[in-house]
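In the two complexes that follow, subunit A is the common piece, with subunit B as its partner first and subunit C second.
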Partner chain A sequence: MKVPWGLALRHIFEHWFRNLLTVLAVGVAVFLFCFLVSLIVTLDDQVEEASQDRVIVQSAVSLFVTLPLDYLAKIAAVPGVGDVTKWQWFGAYFQNQSEGFFAQFGVDPDPFFRMYERDIRIIEGPNGETAPAAREAVHLAMLEEKRGALIGQALAKKFGWKVGEAIPLTCTLFPRTDGGAWDFVVLGIYEKQRANVDDSTLFFRFDYLEDTLRNGGATGPLGSGTFFVQVAPDHETAEVIETIDALFTNGPQRTKTSTEAAFQASFVSMLGNLPLFLGTIGGAVVFAVFFSVVNTMMISGRQRIRESGILKALGFPNLTLGALIVYESVLLSSLGGLVGIGLAFGAARGVRQKMANFFPNFAVGPETMAIGFGIAAGIGVIAGVTPMVHLMRTKPTDAMRSEG
Partner chain B sequence: MSEFIALRGVSKSYQRGGETLRVLDGLDLDIPRTDFVALMGPSGSGKTTILNVIGGLDRPDEGSVIVADTELSALAASRLPAWRARHVGFVFQSFNLVPVLTARENVTLPLLLTPLSKAERRKQAEFALEIVGLTDRMDHRPSQLSGGQEQRVAIARAIATDPDVIIADEPTGDLDRETANEIMELLGRLNRELEKTIVMVTHDHLAAESAKRSLHLDKGVLVESGRGPA
Partner chain C sequence: MALPLGYSLRNLRVRRTSTLFTALGIAMTVAVFCGVFSLKNGFEQLYRPRGSEDLVIYLRPGATSEGESGITREQANILLKERPEILRDDAGEPLAALESYLAVYMQKLDGGLTNVPLRGVQRRSFEVLEPPPRIVEGRMLQWGADEVIVGRPLTGRMRGCLVGETLTLNLTPFRVVGVFEAEGAYGGEIWGDVERMMEALERPVFQRVIARVDPSVVLQLVDIATINAARERLGEDPLTPLQVLDAQLREDARTPLQIISEREYLAKQTTFLSAGLAGLAVFLTAIMGIAAILGAMNTMLAAVSARTHEVGVLKAIGYEPGQIFGAFLVESALIGAVGGALGLLIVAPFHGVETGATNWNTFTDVSFSFTLSPAIAAMAFGIAFLLGMVGGALPALRAARLKPVDALRMQ
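Moving on to the complex of A and B:
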């Protein structure tokens, strides 16, 4: 026996507008689900991938208060500290503030390259070197060229920057006294290796900023927003954190030191219980859409009573008729699921482009897509069951009397 | 002629508004193979119930129903659809075509229940449509056909699987006189030329005259009321 699957398709096209709305409703629900779940996963990944043996020293007052530069030597002298670098937010933009804004940090090249050996892979050096030779080449070039900059590949792609290119950046946090832009030279391009690193960031020499501030070429607070510290092997991270904070208890600036993971988590917690909030929204939308699809399939089922009577009279078994209505329902929902996944994919791309500073690794993962599609298909199955049971229970003689 | 359809002591009741309505009460009926019987009688007399019982769409409360050597009352409910597909073709008053399918696709529907290949199903459906004279309307949907054409498609669907018996419930009820005559002529041809056993319910005396014999049903009792063309 063959099942007239084509009949379900005919019905879908016959009531195309109603079914289109159903597909879109499911699509929006799956989009929201995938988008919100991906947001949660991205935030979690950033925390999970963050290093446990790298700690961040910041002002106990606020992240926006800079720490004195002489703290670096004191932190370096703490037992268990392997490496330490200044890490100063620069806050500049390229060409225009809305489109050209991205993250830049002033760092000390030597410790930076050692500390981030596993986190970033330098894929292009100043003279065309590729990995792994590019790392050493960029390191040396940065030591020679004060305006040297290392940029992430996403950033290079976004602005079309090439190695050797000069980049003028306008900075409002450290404006130049001549009113001009800060000049940087791209010496290398890196590729992130872990989710805790953003590949749309520019790293430059901190002493370029420091020297310019000291000689009056620019104005702004002289200090470092944070110090990034690598805990030496065989030393307890907790002890190092405790010792650093104890060192500055009496000022001039008290510090708050935390692991990189805890530092990332604090950003997430600033947003409140985001996972619960997002999960509630996503769940509510999916639930509402579920009823919408059930309603559509009930209407569709009612319109199909007479036809089911005809098919039963012709000899089609109940199970075939049930399968047809569930097939139609699953087809619509699954189509909606694909639309939703597609929308989420597009939105993820947009988020990566427009909000790279906040969600540099935002992506809709295959697991999220599979769950989203599963939810859509599941809605289809459940929504199809109610009319299926009704159609299967109706006697052919009663069904054919229905006005449908 | 052997007894092709045999009803013995068939009773059937329905619940209507809390009351039990006994439609058939110990009814006996014999229809030989290749017979063409018209069942007549007032509304609610149980004509359609007899058709439903013979066609395996409904089951009697009591009694036995034998059609094409099968004791339907003993057949499991789950096996009735397959039996119907093999042995019965239905023609209804309101045509009961699937509106989203073309004439050809409607006729092909019951053939999906057979082991025929796609090409064979298409060929068979076209042959059935040729018999009813609708080769030029194969790709039209029911909404694009006249009432008479719709009923012809329904008849083509009924004969597509070459069933033993054709059950026709008021096949001319929704048609004008001229079209009704054409349909009755077609059913007569199916009976004479293809030797199909036809059991038809009708209120139309002229339609009943096309049958070989007419049976009048009143208060659960069947009386032969006339003989048509042999």
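Moving on to the complex of A and C:
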């Protein structure tokens, strides 16, 4: 006998309000799940997409200790080392310390542009150039203009900065002796190509900082927090790391060199238990909504005991009845899954803008969506099975007598 | 006459599976709310204002936390010798300590690196703080020696923090000789002799001067009453003696420093992480709350439709729609209350569990514990109650609006 699948749809529409609530509940759960998982995945991507043949030299003692500038020449002389650039955190803000805060790094333009050729794409140059011509133009302009800055497209959008615009930044780490702000000129806008970079950073010339410190225009530690080193092809990264650290074992500052991936991972590890914490919450939500859907399906099952008795009496096999209720349940929860994925996808934009300092690369990936949908469908199957067992066990005569 | 409470209670018991499932949804929401707020509370406890009002910190102007500050030895010496506000002991020595501060890399026991505050202190540091830090294991550090003492929570979270182990700062090994307990964030730091620290780390400047002061000395020099009267006419807030001192000090060419009370300083160290946790809690509670309301609504709708006949009977014997509405609303609020209680039960075992996180203001690791407070619990219970009520309102309205004749005809 043919399975009356249409009956399931009829049930869904008959109790449309209740079912709408169920769909929304699953939707909310899948949304939250996808959202939290994406936060964790975003953090992991930063690590995974980081380069293995780029290494970062920093103080072995502290993130806040700068290395002497003459380290650069010593590192560059190590066999297997290609380009080396200084890389100094600036920690300034635009107008307002909480909303105007973003990352700025002082770098050496020549090695920087070579090392990051594949990581960033320059989309706008000083005279309106676009990619690919903009790269060369911005590089040359940076060498010309000491206050020149290259900014990420998200930053340009957030503050409405245009190429050619002068931007004043207040810096508490390197306060200017005149009490004023540091001036930068936007020479180009870039777009990240990989997750190890973000679109909310400003790169400027390290020698602008260095010269200002030297001529007394500002105070603060003179040195570079880190050196970014490109390992030459056909050289072992591990070997280069070892040789660099060995150079400085007797000081004056011991170094800790790691691959870019390991360096990024150490920042993630500083977040402490946050990823575990978010994962637990994601699990709790799925669990809670699971109960809610089971509950709805049990109600739904109870309400059709009489109907199922009739179907049984008409000769439909037990399995058909069971299949019908599971079908209904899976249909509802899958729909909820789609709603949740849609919500998460929509929210990703908001997160990238509002939380650009913490999760500039936030995105809901296809794997996450697939898992979210799978969970929704899974909830539907399990939620349908409980009333299914109950319906299949009830005798037709008892079922027909039931008041539902 | 109102429907007795027993009527609602009995209905819940009859439909206990549904009630329990719905309550669990609410319980999860409440548990997450409590969990995140307990974390925030535990973190803020570290920085809550305490001790006496006369404890102040001198920093470089513009520095918002110690890590960014720098005070030269010359400036510090002038400060101790000349500032009139700094209190002195019987021997005429200033009640002040020069301190260095650096967040150093440490290996966590559960893997990964973090930044732990390393503070160079002087003998006076132990005297100006209130209550003074006390040694709970091992012994006090010896001044002038390469020794450190560590905050108690660190011993369970970081490598190399046990008494007898060695901590290498750049090139110099320091021996861990004791474990101390101190109020607030100080309790999660590593302390050593400031002179030894500065030499080992080759950092020639102090980060702060902490001192006991009497700000009112400024009143002898400045007619603050007249200034404040003038400010009041302009609609500005009156200045405190400390603010007058601060303005004076910033303009002093020899010691251009800012002065801030320790209370105010501590309050400024929690802004980012507190806001982050509060935002997370509100976001999660809102989203999970919506899911819980949907669940409660479903359960109550089912309850109403299963009892349509019964509602008809109630109406026929003279119960008003308002009373029926009330009875269903109470029933739903009770589910919320059960959920609230369950949620608190879920989260209660976490109270006191020690954890750590990075304070985003100082970028250093801080150790604290989940701290559930009566206020958080009360708020959570209120939310649970509210979730139940909101979820039940619509179904209760549906029950109240049923026409007795139609309802009675329903089987």
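To be clear about the criterion, the second predicted complex is superposed on the first by the 313 of 404 C-alpha atoms of A that agree within 3 Å, B and C clash if a C-alpha of one lies under 4 Å from a C-alpha of the other, contacts with A are read in each partner's own complex, and residues count from 1 in each chain.
Heads up, the rule we're going with is that a residue touches a chain if its C-beta (ideal position, glycine included) is under 8 Å from a C-beta of that chain, and two chains touch if they have at least 3 such contacts.
If you're wondering where the values come from, they're calculated on a predicted model, not measured in any experiment.
J.: More residues of subunit A are touched by which chain, subunit B or subunit C?
T.: Answer, by number of touched residues of subunit A: C.
J.: Classify the contacts of A:Arg10 with the two partner chains as first (subunit B alone), second (subunit C alone), both, or neither.
T.: Touch partner of A:Arg10: subunit B, not subunit C.
J.: May I ask you to decide whether A:Thr397 touches subunit B, subunit C, both, or neither, giving the answer as first, second, both or neither?
T.: Only subunit B; A:Thr397 stays clear of subunit C.
J.: Using the superposition on chain A described above, determine whether A:Lys256 touches subunit B (first), subunit C (second), both, or neither.
T.: A:Lys256 sits against subunit C, while subunit B stays out of touch.
J.: Quick check on the superposed pair: does A:Lys2 touch subunit B, subunit C, both, or neither? Answer first, second, both or neither.
T.: first
J.: So, A:Ile310: does it touch subunit B (first), subunit C (second), both, or neither?
T.: A:Ile310: touches subunit B, not subunit C.
J.: If we overlay the two complexes on their shared chain A, which of subunit B and subunit C does A:Pro132 touch? Say first, second, both or neither.
T.: After superposing on A, A:Pro132 lies clear of both subunit B and subunit C.
J.: Within their complex, state which residues of subunit A touch subunit B.
T.: Listed in rising order, the residues of subunit A that touch subunit B are 1-4, 7, 10-11, 14, 306-307, 309-318, 395-397, 400.
J.: Please give the residue numbers of subunit B that touch subunit A in the complex, ascending.
T.: Subunit B reaches subunit A through residues 52, 55, 57-58, 78, 81-86, 90, 92, 96-101, 109-110, 112-113, 157.
J.: Give the list of subunit C residues in touch with subunit A in this complex.
T.: 17-18, 21-22, 24-25, 27-29, 31-32, 60-64, 67-68, 70, 102-105, 108, 111-115, 169-171, 201-203, 271, 284, 287-288, 290-292, 294-295, 297-299, 301-302, 305-306, 355-358, 363, 365, 411
J.: Tell me, which parts of subunit A touch subunit C in their complex?
T.: Interface residues on subunit A, with respect to subunit C: 17-18, 21-22, 24-25, 28-29, 31-32, 60-65, 97-98, 172-173, 175, 219, 250-254, 256, 265-266, 269-274, 281, 284-285, 287-289, 291-292, 294-296, 298-299, 302-303, 403-404.
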